[in-house]
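The letters A, B, C and D name the chains in turn, as written, and every chain counts its residues from 1.
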Amino acid sequence: MQFRTDLALERHEIIKSSNIKGIKFEETEKDDAVITLIEVLDEDGERQVGKPKGKYYTVDLPEFSHETELLDGRLKALTDIIVQLLPDSNGAVLVAGIGNDNITPDALGPCCAEQIFSTRHIAKDISKDLGLPEFNSVSAISTGVLGKTGIETAEYIKGIANLIKPKAVIAVDALASRSLSRLGKTVQLSDTGISPGSGVGNHRTRIDSEMLGIPVIAIGIPTVVDGKTLVCDLTENDENTDSISNEAEKVMVTPRDIDLIIERASRLLALSINCALQPHIEPEFLLSLM
Amino acid sequence: MQFRTDLALERHEIIKSSNIKGIKFEETEKDDAVITLIEVLDEDGERQVGKPKGKYYTVDLPEFSHETELLDGRLKALTDIIVQLLPDSNGAVLVAGIGNDNITPDALGPCCAEQIFSTRHIAKDISKDLGLPEFNSVSAISTGVLGKTGIETAEYIKGIANLIKPKAVIAVDALASRSLSRLGKTVQLSDTGISPGSGVGNHRTRIDSEMLGIPVIAIGIPTVVDGKTLVCDLTENDENTDSISNEAEKVMVTPRDIDLIIERASRLLALSINCALQPHIEPEFLLSLM
Amino acid sequence: MQFRTDLALERHEIIKSSNIKGIKFEETEKDDAVITLIEVLDEDGERQVGKPKGKYYTVDLPEFSHETELLDGRLKALTDIIVQLLPDSNGAVLVAGIGNDNITPDALGPCCAEQIFSTRHIAKDISKDLGLPEFNSVSAISTGVLGKTGIETAEYIKGIANLIKPKAVIAVDALASRSLSRLGKTVQLSDTGISPGSGVGNHRTRIDSEMLGIPVIAIGIPTVVDGKTLVCDLTENDENTDSISNEAEKVMVTPRDIDLIIERASRLLALSINCALQPHIEPEFLLSLM
Amino acid sequence: MQFRTDLALERHEIIKSSNIKGIKFEETEKDDAVITLIEVLDEDGERQVGKPKGKYYTVDLPEFSHETELLDGRLKALTDIIVQLLPDSNGAVLVAGIGNDNITPDALGPCCAEQIFSTRHIAKDISKDLGLPEFNSVSAISTGVLGKTGIETAEYIKGIANLIKPKAVIAVDALASRSLSRLGKTVQLSDTGISPGSGVGNHRTRIDSEMLGIPVIAIGIPTVVDGKTLVCDLTENDENTDSISNEAEKVMVTPRDIDLIIERASRLLALSINCALQPHIEPEFLLSLM
């Protein structure tokens, strides 16, 4: 497999069979959303899909850039999946926005983190004063980029997590897909953490429960197709394209309206996370705080 | 010619002959820079190159993202060309940064405009007080994007130019090239204005001397390859790729380190323009103001 | 009158009488909002209030930084006043955001302009396709700052207005108030344009119907108290404070939570303007586009 | 002492004597800079100056907003002091930018951190390949603001420091001064960490060697005068001003050209830190990387 994708669904499609050993596949339709669940059950499944054991949800959406409504079935679908992926126990959650906010298609994580409703510092009695149920403890950080901080994203999160001791980390990042047609139209949510080399950047050390010692929920939307992947796909590895292929390694393919996609996708993801983490508060109120 | 490029040099290369009727071609090497001049002399030339009559300079540079030094031969080469393209007469100059600063590869124009040394509002005696020669009158604007302003870039510039009455406009914009290998490594400077549909955006009305009634110097670097152009090139218009081709229209191909390219290219272009417009002031001093 | 204020209400308060020759004064309460109208009727009134002839509405609001709800009586009150101040005739409107977005308390104008629903470039049939009433023609610009552009704000607007030929300009700007207690809690709307030297910046040429040849609706909230005004007020022009007074000229006083104030005030003002300019479209839908 | 200042120099001035028990005071002039050292030697000194034991350097500068040259005596003076405050031993350094980059006068820390030359992630052999001496290990973070992250600045730094194990932290933050005349014209450097409640924000937990277990060098420039401090100073605690005083608590006083001050001060501080941390590399080269 020469091409690069962060979507389990795209790896699964290649195998072209929905009945593979070691893999569970489910498709449901709910409200406005088509939801696919791929569960990698064991090492057999891992080998075939090329992704670690765990659950991968994919929610197909209309193009973000054409959508304006937030409070509909998509929000409900995303919120439900996040709730399901989170551990049942009580405890704080740390949301980490990953990526480079100086590169539009890589800015999903930081833009989302900025809209998270952080509550860890708010005294318990404030929610009571407001007549609201007690807030769950939430913190939100942007990890910056290795080239500017000198610190690997995984280390950065580990440092903060060691101090805060959350029950889980939610990591939000831009993803790479194989197919142009999925850019900005799919959300992937998984309980397996984030693979190295995802999306635009080079987040090399894997961010997962093994590294952090707690569950890591990864949420992302595909915003780029890897240059080399596109070239390989189009040329079917024709030998004459070797030189193009080398240059293609340095580029990425991204939608022309990527600014709108990042703005709206980060808003929808942040609202979904806020709703999942404060289930006793109305979505309308959480939206008004963003 | 199916593909899209804003570089006269790339159109010229296709004709694959340096001795074409209606076109003058010159290549020189000076200091650290290779400079190509393509002059489209008449309608014959226009037809062949697919670009309007005028001079197109191309300066090849090492990758911006690896370069840090500003005060070297590249700056001298760029400054000299700008001086040569500007009308000899005295008079004010309006610098217009074109493009969308929310989309990194389209942000070259606005980033450059912000670093222009505007002097139009400074009383004549200030330069004397500083012991400097009198400043030439310079204004700098960013035109925003049609989707946000409701105003075409060409109209926007015309409105401001009608009021300021400059002797020339310098328009800075991100360009589209055909070839991945030119991204972030070439500056094109011309006296022909900017063609519609350039670069990332959709700046539809042509910005040139016919539209504005004064000379328009256009300066840009290629930051994107059009998605469809890449696909056509790779597949040689294979009929089976029609569906990919449709999706390719909505995407662009851009370097992974586009943030660094925009940061450094906008700095070099702005400094070149500042030096060309204030030839009596030291480049070191102009750099310190940026 | 030594102190500086952009609020007609504060000038009126000093006269300490609600029955002044040449001035009409009205206070109403509607929904959640207290609205004051001061109408300067003639030269007598101008002399006394120190503001040009015209209507000055003041809407008192709870602190922006504590407010999250947008779709309530405040929105209705603001929208109604804007509709009333606009000329009845059909025609385009140009919204101009004034101020420096690199200085938080001066960023109200540019932040508001970015959220305006511009429609001038949208073909008439698009609204029909969406099943919406025909859009009124709206454009929106940010004028930048004189120090960066070299162009006076008034000239900048005039250049664009000459080209677009709108029936009216809506100018949004941060204001200076005399009193700390009004910062971030008042909206002033008038049909008299904007006086020079307002708010944080130095927008020297008056922006009004005389300068532009069309009505100018000015909308702003006080975000700063002038340093000198505060010092004079506190010291009652004590002679010993002369040296402090000189330094005070270079400073401004602004709330600690000015980031929240700008974010929320610009959102409310932009939504009010959008609602006033597209009266046939639901506020909820206009909000979802912002 | 009712007023608030982060400058040891201003507390010292009140005592109005340069020969105080427990305090060493030195003034030197070097190149373009006047440098004052106040050393708080023991508990006696602490009580009198109201600042913890340690060295406080103050470097007086011409107004940042009028200065453009970076490579002069001021840089040398600042670099020398930073070198002197840092522990002699080998080891990594973590630079932390503190403050809110959405509020201009509080953005000094984050703006400075962005310009730090981070090297921790660069393989040792890269510097050799470039023909440069081996880089010292440097990381740089921005800590965000409590209201957005839910994490106290001190905790945030501790989390990252626990992981990186630097020999020292350099914390950069905007400061509050008592006097308008010091705004933007003074740099304070100390080895005592940062006191709670500094500058604009509310960084409540003290960031010092006791908290972090390693030396903390604090660097800042005064960008605000506390509203209440100004009022108290002007009114000499006149009882009639109680209501003003309450409102004054919510405001800050800051220069009108604070955007220029932040831009230039953050550049000078970042360059000073870069020079102090990479003493074998030329300042010109470090500047070209920024």
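Everything that follows uses one rule, which is that contacts are C-beta pairs under 8 Å (C-beta built on N, C-alpha and C of every residue); 3 or more make two chains touch, one makes a residue touch a chain.
Bear in mind the structure is a predicted one, so any value in this text is a computation, not a measurement.
As for how the two copies subunit A and subunit B face one another, over half of their interface residue numbers coincide. Fitting subunit A to subunit D on C-alpha positions gives a rotation angle of 180 degrees, to the nearest 5.
Separating the CA-averaged centres of subunit C and subunit D is a span of 37 Å.
With each centre defined as the average position of its C-alpha atoms, the distance from subunit B to subunit D rounds to 41 Å. Residues of subunit A in contact with two or more other chains: none. Of all residues in subunit C, those touching subunit D in their complex are 100, 102-104, 180-181, 183, 200, 225, 227, 230-231, 234-235, 241, 244, 247-248, 250-259. Those residues of subunit B lying in contact with subunit C across their complex are 114, 118-122, 137-142, 144, 146-152, 155-156, 158-164. The part of subunit B that touches subunit D in the complex is made up of residues 68-70, 285, 288-289.
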